[in-house]
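Okay, so chain A shows up in both of these, paired with chain B first and chain C after.
For the complex of A and B:
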């Protein structure tokens, strides 16, 4: 395995008495699309500012390949960031913006222009945009200009600080795919920061979930979706049904009284701990409405109280006798036929269950 | 939205009152400047531009104009530079004594100018400096540089700090960031500050009176000729001075327009 392009070792950042990052370790591989996801206040903005050199760390070390860079000022690091606000220079044309890093480096005007036109093409912007003002560009075009400018810098790692967060939904979806495509075409290492796990899942090779200055989990999108390491990650990652419980005398005792297990949990092949607390997780799309005679490894009875259309899918809310709500999602062709308020039986199988250890 | 009839009447009245109070006195000076008589009487019996010819020919007027111009020019340049850096300290950078700096810099503006002039005069005497047009520059700056700072600061507040960070991130040194990003973005503010600085210095009387020593600026000369030995040149020179301010103001506006148009239209194809 090649050496990681970026390595963090015990990175800690304190602001007065507040600790924003608590001893973070991380390795990012060359060419990876790596996304750091966290809610606001998790420390993700602090982390990226440390990585590009706009903030000094309190403890720890950052290595770029075999060079320690945590004491190197931002303008001497071979990395570059696309800002949340994009930070395009309003007093320059699109071309001047893209050429800016080359101008700093003293590249000749002719060569700069050539490169800017290449990048416009790479980002699928017309060549005549070179002479345009930033104010004349749409939101999506500005994103592309910001990307082109960052690529003109030719960074070892390209950082992104939620650049898509201000855009409307459809444009964001388009640009997410474009970014992923751009990553594939350039082969560069992308490190992306966002609060949206959905965004992270579409684009990333690996995702790190940041919570209160620590990583909760670092894994691929599929892994995080199917096998979250904690309740926090499971809930952060979209709709989920969680059933807490304890293990006593080798058997799982769920807190939810209505949860019936068709078979002995030992026979289900669940990865249960020896003792202590555990949570059974199942995603809404793996819940089934059971019609007469059908059965499942886990069964719950309740009342269908609400139904929401989510486009290609339908979401149902089922109230259990204990007052808890379950979320069920079905494709439109599997829509539930009964009226609102009907009594339903919902089941799911052990194959779709993931066990989260601890509280 | 078209305002109601009563609102429109009030607006017209308001406009008339504003014009009467602000500009009518100036018109009377204008009339006085074109009267052939030595003393102003209404109605003017005989119109003439002879005082204009005399004013332009007068050695004293020319000397005083030159002094006023010299002071205003230096004050303008220094105010623009001080305003630019002062605004960065005022609005852009977080530093420990910023709140104190923000208050201290405003204080001279609230001082009565006569008191400020007197204080400076005493100060110059204590230091053994003979007052002249050069000391007046210092006096003007004490009052005008803070105003220039405020004008640039308004612009500095409205710009995204990420722009400087981005430039730095792309390899620019502190100086390059200042030259390529900060200065061009604050330029409209700096130009406005320069314009104000010139006009405020050009028209200043109280500070000049205390600190020019043996030299005299145009407003000082005007005052001196009013209180003793009235010359019919007074309204004429007054009008010329107003005209000079006005021309400068128009030039400043044109410059602003040019900036804005360049922004909106974009530069020609390279």
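For the complex of A and C:
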């Protein structure tokens, strides 16, 4: 495996008595599309400001290949960032914006213009946009100009601070795909920050989940979806049904009294700990309604109380006798036939279950 | 409906228009007409001969105009340099201290300009606060600090500081933090951020501040008379003399017209380059 392009070692950032980042370790590979996801207040903005050099770290080290960069000011780092606000220069034309990093380096005007036109083409903007004012560009166009300007800098790593968050849903979806495509075409290392896991899943090779200044899990999107390392990650990553419980004498004692198991956990082949707390996780699409006679490894009885249309899928809310609610999702062709309020049996199988250890 | 609206607008504008016409336009017109009259007359009942304008050229009054413009230009340049760091601090660094500073600067305006300048006169004169103390302590006196061009410039800079400071702070506040950070991130040095991002984006503030101080300084009189002790004669001083001691109203009027024309031209040239809407807070 090649050496990582970016390596963080025990990165800590304190603001007075508040610790925003608590000893973060991270390795990002060359050419990766790496996304850091976290709710607001998780420290993700602080992290990216540290990474681009807009903020000083309190402890730890940041390495770019074999060069330590945490003490290097932002304008001497070979990386750059696409800002959440895009930070385009309003007094310059599109072309002048894109050429800015080249002008700073003293590249000749002719060569700058050539490069700017190349970048306009790469980002599928018409050549005559070179002379256009920023104020005349739409939201999506500005996004592309900001990207072109960052690429003109030719950074070793391109950072993104939620640049799509201000756009409407459809444009965001388009640009997500374009960004992923651009990543493939340029082969650059992209490090992206967002609060939206959906956005992260569409684009990223790997995702890191940040919570209260620490990484909860760093893995591929599939891995995080199927095998979250904690309840927080499981819940952050979309709808989920969680059943907490304890293990005593090899048997799983669920907190939910209605949960019946066809066999004991060992026979089901679950990866349960020897003792202590564990949570059984199952995604809503793996729950199914049991018709008379059908059975499953785990069975629950309840009442279907609500139904939501999610486009291609339908979502059902099932209330258990204990008062707990389950979420079940079905494709439209597998829609549940009964009326709202009907008594149902819901089941799921052990091979769709993921066990989260600890509380 | 639309016609009524238009008429209503016209009616509403009438009182202000009348005041402006009577209080601003009419006196200007009087001055303009007087400037064309023969020398030393006190009414309009003469054929205009434009002799005053010839007198201005022949008797070297243009020198006073140049002095006024030169002093105004130098004072404006000095104020820009002095106020930039201060305004930058007010807009971005000082936080709540900005309010204190604003109040202090504004409070100085509560006292009449002449009285404040007289305070400086007592401070700077021979035997005044500075020279007097130095002589008492070291036994060695000097000729005071007044009655020269630097003293006039000091007066102008001191009196017109607020008129540069506040527009400049407003202009600097208009520079988005992100634009500054992005330029830095894209490899710009501090100097490059200053020249390529901050200066152009703060330009409306710079322009408004410069115009205000330039126009006010060009028409200033007290600084040159009091602190400068007439070391140089400024145009406003000439105008005053023409109207009072010399009893030559047409000459005073002509001098006024020339000053208005010169300063007005410079202001219009400057204003064409500023977006006043932007500095008034309207977002584009």
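Brief remarks follow.
Operating definition for what follows: the second predicted complex is superposed on the first by the 359 of 359 C-alpha atoms of A that agree within 3 Å, B and C clash if a C-alpha of one lies under 4 Å from a C-alpha of the other, contacts with A are read in each partner's own complex, and residues count from 1 in each chain.
The rule is short, and it goes like this: a contact is a pair of C-beta atoms (placed from the backbone, for glycine too) under 8 Å apart; a residue touches a chain by one contact, two chains touch by 3 or more.
Please read these numbers as outputs of a predicted model, since none were measured by experiment.
Partners chain B and chain C clash in the overlay (superposition on chain A).
In the superposition on chain A, A:131 makes contact with chain B only, while chain C stays out of contact range. Of the two partner chains, both chain B and chain C are touched by A:91.
Of the two partner chains placed by the overlay, neither chain B nor chain C lies in contact with A:291.
Contacts of A:80 after superposition: both chain B and chain C are touched. Chain A uses residues 52-54, 74-76, 80-81, 83, 85, 87, 89-91, 100-101, 104-105, 135, 149, 153 to touch chain B in one structure and chain C in the other. Of all residues in chain A, those touching chain C in their complex are 52-54, 73-76, 80-81, 83, 85-91, 100-101, 104-105, 135, 149-150, 153. Touching chain A in their complex are the following residues of chain B: 160, 162-163, 165-173, 176, 180-181, 184-185, 263-264, 266-270. The residues of chain C lying in touch with chain A in their complex are 176, 178-179, 181-189, 192, 196-197, 200-201, 203, 284. Residues 52-54, 74-76, 79-81, 83-85, 87, 89-91, 93, 95, 100-101, 104-105, 113, 130-133, 135-136, 149, 153 of chain A touch chain B in their complex.
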